[in-house]
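One chain, subunit A, appears in both complexes that follow, with subunit B as partner in the first and subunit C in the second.
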Partner chain A sequence: MKNNNVSILLISHCYEIVSGLKNLLNQVQPDVNIAISGGIHDEIGTNAFDIKNALESVYTSNGVVILFDLGSALINAELAVEMFGGNKKIIFADAPLVEGAYAAVVESGLGNTVEEVANAAESAKQLQKISD
Partner chain B sequence: MLFDVSGAKHWIVRLNQKLQEQKKYLTSLDQAIGDGDHGLNMARGFQEVVLKIHDTEYKDLGTFFKDVGMTLILKVGGASGPLYGTAFLKFSMELKEKKEINGIELGEALSAALEGIRSRGRAQLGDKTIVDVWEPVVDLMMSEGENLNPDELIRLANEKMEDTKDMEAKKGRAAYLGKRSIGHIDPGATSSMYLFEALAEVLKGESYEE
Partner chain C sequence: MVEKDILVRIENGLHARPAAQFIKKIIPFQSKVVFALGSKKINAKSILNLMGVSILEGQTIRVIVEGEDEIKTLECIESFFRGQND
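After this line comes the complex of A and B, so read on.
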């Protein structure tokens, strides 16, 4: 593990989406541990076992914030978290994947808590991308 | 009525036959309101399940249905993998170490499976999902118990599947379509109808080999 920052787990139905997003985030903040899970057996979809492995690879006592793309990714991610075991610092962020992950990685890089990182991701929902 | 590991195998084999036969139809339903992978996902998932159970001797219903559930979670990438997978896992927990069950126990175990689907998918009756077939069918099985008429089960499952046509989708990929989802039968409700149709056929005493 790189440091004591909150880790980020990115889940998409498509491997290239989260793979590319991770590249983008690494450039912004190289000190935050990011795991990805995308696709299933080289096709579109998500897989609870693959998500669980990704979660394990970055989990620390500082916690993990999970971001996902579409509904069934959440279903598989919740199943993965259950399999990983209860009572852990893991928060699902109800956030747009790209903007939410960007906000989360910045917040995590500042050394903030798992709750603050999740809130930062969720606040990206209100982000105005084109100013008046 | 008694349901044992042999009956369980016939059920899953029969369901897989139906899913292979209806793969294109399920996909066409899903192309109309979803992401078009339901037929392929279900056909592939249950083919894997049949391969898994084919070479294994099961001592009880619990271990049999645990394998069914785990295989679906492992192999199916859409929502149907974790939803049907969770259903069969909850079902297996109710049937732990049981070699055969009667109609009442079958209804109770399916009721636990339905609870698993509901909590995993957070879907309510009328959301145009698999719950719209599962809930009334499980209610029927619970109320009829040992007196269940399999033909009535088939009739009800088909009727409830048809009823999803007039619903507006509230869950899953179809929810993005809003009112435009009205007029299409839900693909998940359809695969659930096959699941109960296959079960009813086995309860009637029909047997299915690969």
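After this line comes the complex of A and C, so read on.
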């Protein structure tokens, strides 16, 4: 593990989406552990076991914030968290994937808590991208 | 409170990576930092606020800093926007 920051898990129905997003986040903040899970055997979809493995690979006592692309990814992600075991610091962020993950990685890099990182990701929903 | 117009000399402006670096640099300061861009004022210590505005290379922004360490904070911001980020 790189450090004591909150880790981030990115889940998408498409591997390339989260793979590319991880590249972006690593450039923005290299000190945060990021895991990805996307696609099933080169097809579109999500897989609970793959998500669980990704979660395990970055979990620390500081916690993990999970971001996902489309609603059905949440079902497998919840299953994965259940398989991983209870009483863990894991928060699902109800956030747009790219903007939320960007806000989350910056907050995590500042050494903030898992709740603060998740809140930053969720605040990205309010972001106005085009100025008046 | 200190105020200064600062020219942004960061190559390609304050895009994703430098915005994150900027936040990391100024968060340790106690002072409140506001960027005034035209009629818009934003809290420059919020990454989401920085994401919501486009700060371009060659643009001049008004920086307003208020707090006990305002002089040092402003110096840090000036140095950052000069493109001296290392």
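Note that the second predicted complex is superposed on the first by the 132 of 132 C-alpha atoms of A that agree within 3 Å, B and C clash if a C-alpha of one lies under 4 Å from a C-alpha of the other, contacts with A are read in each partner's own complex, and residues count from 1 in each chain.
FYI, contacts are C-beta pairs under 8 Å (C-beta built on N, C-alpha and C of every residue); 3 or more make two chains touch, one makes a residue touch a chain.
Given the structure is predicted, the values throughout are model-derived calculations rather than measurements.
Participant: Once the structures are superposed on A, label A:Leu79 by its partner contacts, choosing first (subunit B), second (subunit C), both or neither.
Facilitator: In the superposed model, A:Leu79 contacts subunit B only, not subunit C.
Participant: Where does A:Leu70 make contact in the superposed view: on subunit B (first), on subunit C (second), on both, or on neither?
Facilitator: first
Participant: Mind working out whether A:Gln29 is in touch with subunit B, subunit C, both or neither, as first, second, both or neither?
Facilitator: second
Participant: In the superposed arrangement, which partner chain does A:Ser123 touch: subunit B (first), subunit C (second), both, or neither?
Facilitator: Touch status of A:Ser123: second partner only.
Participant: With the two complexes superposed on chain A, say which partner A:Val106 touches: subunit B (first), subunit C (second), both, or neither.
Facilitator: A:Val106 sits against subunit C, while subunit B stays out of touch.
Participant: Return first, second, both or neither, reflecting whether A:Gly39 touches subunit B, subunit C, both chains, or no partner chain.
Facilitator: After superposition on chain A, A:Gly39 lies in contact with subunit B alone.
Participant: On subunit A, which stretch or stretches are contacted by subunit B in one complex as well as by subunit C in the other?
Facilitator: none
Participant: Once bound in the complex, which stretches of subunit A touch subunit C?
Facilitator: By the definition above, subunit A touches subunit C via 24, 27-29, 99, 102-103, 105-107, 109-110, 120, 123-124, 126-129, 131.
Participant: Considering only the defined contacts, which subunit A positions touch subunit B in the complex?
Facilitator: Result: residues 13, 39-41, 43-49, 70-72, 75-76, 78-79 of subunit A touch subunit B.
Participant: Within the complex, which stretch of subunit B touches subunit A?
Facilitator: Residues in contact with subunit A: 35, 37, 41, 73-79, 81-83, 85-86, 120-121, 171-173, 175.
Participant: Spell out the residues on subunit C that touch subunit A in their complex, using ranges where they run on.
Facilitator: Touch residues, subunit C against subunit A: 16-17, 19-20, 23-24, 27, 40, 47-48, 51-54.
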